[in-house]
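Labels A, B and C are assigned to the chains in the order they are written; within every chain, residues are numbered from 1.
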């Protein structure tokens, strides 16, 4: 169902505020996050070892967390350090703690085998925390299996239909067959649209108009479901598709991360950093709102798809040419899941 | 659970409007209906063959329907006629289409073996589309197994209790044992009430008062769950019960059709055509509202019954004399379902 | 799951009003209660023997209850005494009736083997119907297994945490290990707090202040889940903990009864009788509201616990010293349930 040996986005950095407890279900496990006096984020199983009361209804006492049902206290490692009225505390009276890395505005969590939690495996998301770029953090909750959203992100042919009036527009998006390169960590998908139409949201920003050269070059990291995408457009013929990005090009570097909440619900964390109009927050707002509206179109469609899927237990899907990338990722994901289940993860 | 080889009411004619897509679940299948340029209604499986997106979120392009997730296009026969970016289209890339007949203001659908879809099997419902009669289409959604509503319609003893203050009133309804005749297509039930009380809703319309002769003669069509009922009342002793309907008789011909939505929910389509006061729409309105209120009494009771039933998995019911007709229909329905399951449908 | 051979609280006396039908689900059975002309309460299975319509949607006709679906009539013993249109009535056409005892403002019901329904087994709850005491009846609905509430009531260490700002306050409640005595009917738990702090709600009432001697001495009746608690506080050192209750002591005798509605929901009936300020209803109100707010704290915590529990099917709990009483009761309850299942109940 889910890869456990992977770094997942647990929260936006700003969601975990000093002195407060933040509860979120991740990979079907209840987790409580809090910031220690050192500033480091701790993550514990949100279930008191004693009687399963949620620790997120507890009380932070310095760097320790007290369950407010019967008063057991845990430290940031999950060890129980106090049981009211009792001197001896068994070492088994602990809750699970999860490795956490805070980086690029994300709080990353490792839900699998702690011994394998190597921070070097975290994908580079620096664009969302870089002074040369601007963005606003986005979050959406999908009542859908995360794999339906993976499919969506790996096949941009849907832009021409789902987002006809927002992101997409041109039919070229639907018919183009992208270049797919395979790496250890996943896929790189390259979609180049020479001499295409300017996207609808951009008309107010650019000093030129259609035709433009558009590009979408995105890395899909299978572990943790992270998309990192270089995209944008420039005056047609100015060399942008050959890697020469002119000064008046409009460049983006979107980060999108999917963390399963349960088998049928997903947390979706995203930004859409841009490297122009850095001093005009209204542009950042306008772009973030536009993207949010577009992702809402995906959300509605994917949740409708999930609903039909739930009601179609005996039906099989039918693959088309546009499915090359999603099918490749699904196949590799299945292999990784099987390896984890076999204890090779 | 459901007979599949039967004509069911899918919709009111006016629900399927030119240029729009109409989605409804029928017999646990998602169906999308639309009107073609010829005026004929098409019905397709509401589930794109590709990734199960609902076609009812798609776009009508002439007589074709485009899925607005990845752009596949289907014609009214369910054949896929376009896959963006792809020349070859497999014949397997199709969705199911359903035979449709539009008649008597109903859109009839056949969800079973297409080869058996003979329009001659559709029960006569002309009264609801006849200039000599007036009615208003009614629709209710029941959170109940359609068979509980079948039971309800086949045993009018409930009128004295469920509808004591609306349709019923006299105790004679509860105690009368109707004449039951058996036909290929179902049952005819004859209930005659000589010299009875006038129904409460009629007091304002008639130039005479109780006693009246009342009658309810109804055909129950097992396939498709269709009731066709000749009912009314006339001055007592004027011969109405012997077939001589006087001019000042009040005559109705109600049509009621139950289409299972799921195993536990049902679409209920009905009219209550009357052949008097043809030029006074307020009478039609008043009667339709009164009937709707009465059917609401059934709906509340049947949904409460379903609720108790769900919570009583180990209990068996107890039959009484009034159950002759519902028990006969249940038994024949079971035979037909078994025959269909055995492939003899 | 539930002991059936036990007296449970079905309702507050005032909930069963003359001329009306009162429906409540108890131990997963639908029950309808009504008051006969003698004043005695009758309790019938809320499910017509015929077609399972709820009798609570029926009509009271004297001491008889008519199902308003098809008109069957039952007497207070559950025997069917009328079937419309039918002379012969089978003795099997009956619904179950339940033994009822009305005592101490409670309507007690016996859902098990009627032959064992001995009213002498009902715990004494006279304090809630005694002129020397004052109280207001309380009711709460918990979306939780009744056993989680049993655990809660048998371990008052939670007062220091769940009720830190209402009932509790002092840490002594959490650390004290109570005296536990075992009886046929259950446990007696004695918790004495010499020279402790006055509870927050009491500050406005007492003419003295902390320190006070506090006590909680409560009997837990396993059959029917009934708590009967002598509690209160007095000026420290005045002998209250040795049984000499001074005139200016504040004494309570709370009654709390848990009746399972379903496997995962519970009815909670309670009072908190006090024997001071008898002529000031505002004190009774203030105390009842305060207790209700405190029980709301339990309710929120226990329902959160149930929610975590539901999501943790493979986890086992961890016992601590404070669990002695709840564990003892759970063990005895399991024995009783096993005996009932084996037919020895």
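To be clear about the criterion, a contact is a pair of C-beta atoms (placed from the backbone, for glycine too) under 8 Å apart; a residue touches a chain by one contact, two chains touch by 3 or more.
Predicted model, so just to flag it, every value in this text is computed and none were measured.
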Steps needed, at minimum, to go from subunit A to subunit C via contacts: 1
Same-site or different-site touching of subunit A by its copy subunit B, using the half cut: different
Geometric centre distance via CA averages, subunit B-subunit A, whole Å: 48
Sites on subunit B at which at least two other chains make contact: none
Footprint of subunit C on subunit A - complex, ascending: 28, 30, 46-47, 49-54, 57, 66-72, 83-86, 90, 92-93
Interface residues, subunit A side, partner subunit B - complex: 151, 155, 157-158, 160-162, 164, 171, 174-177, 300-301, 304-305, 307-309, 311-312, 315, 317-322
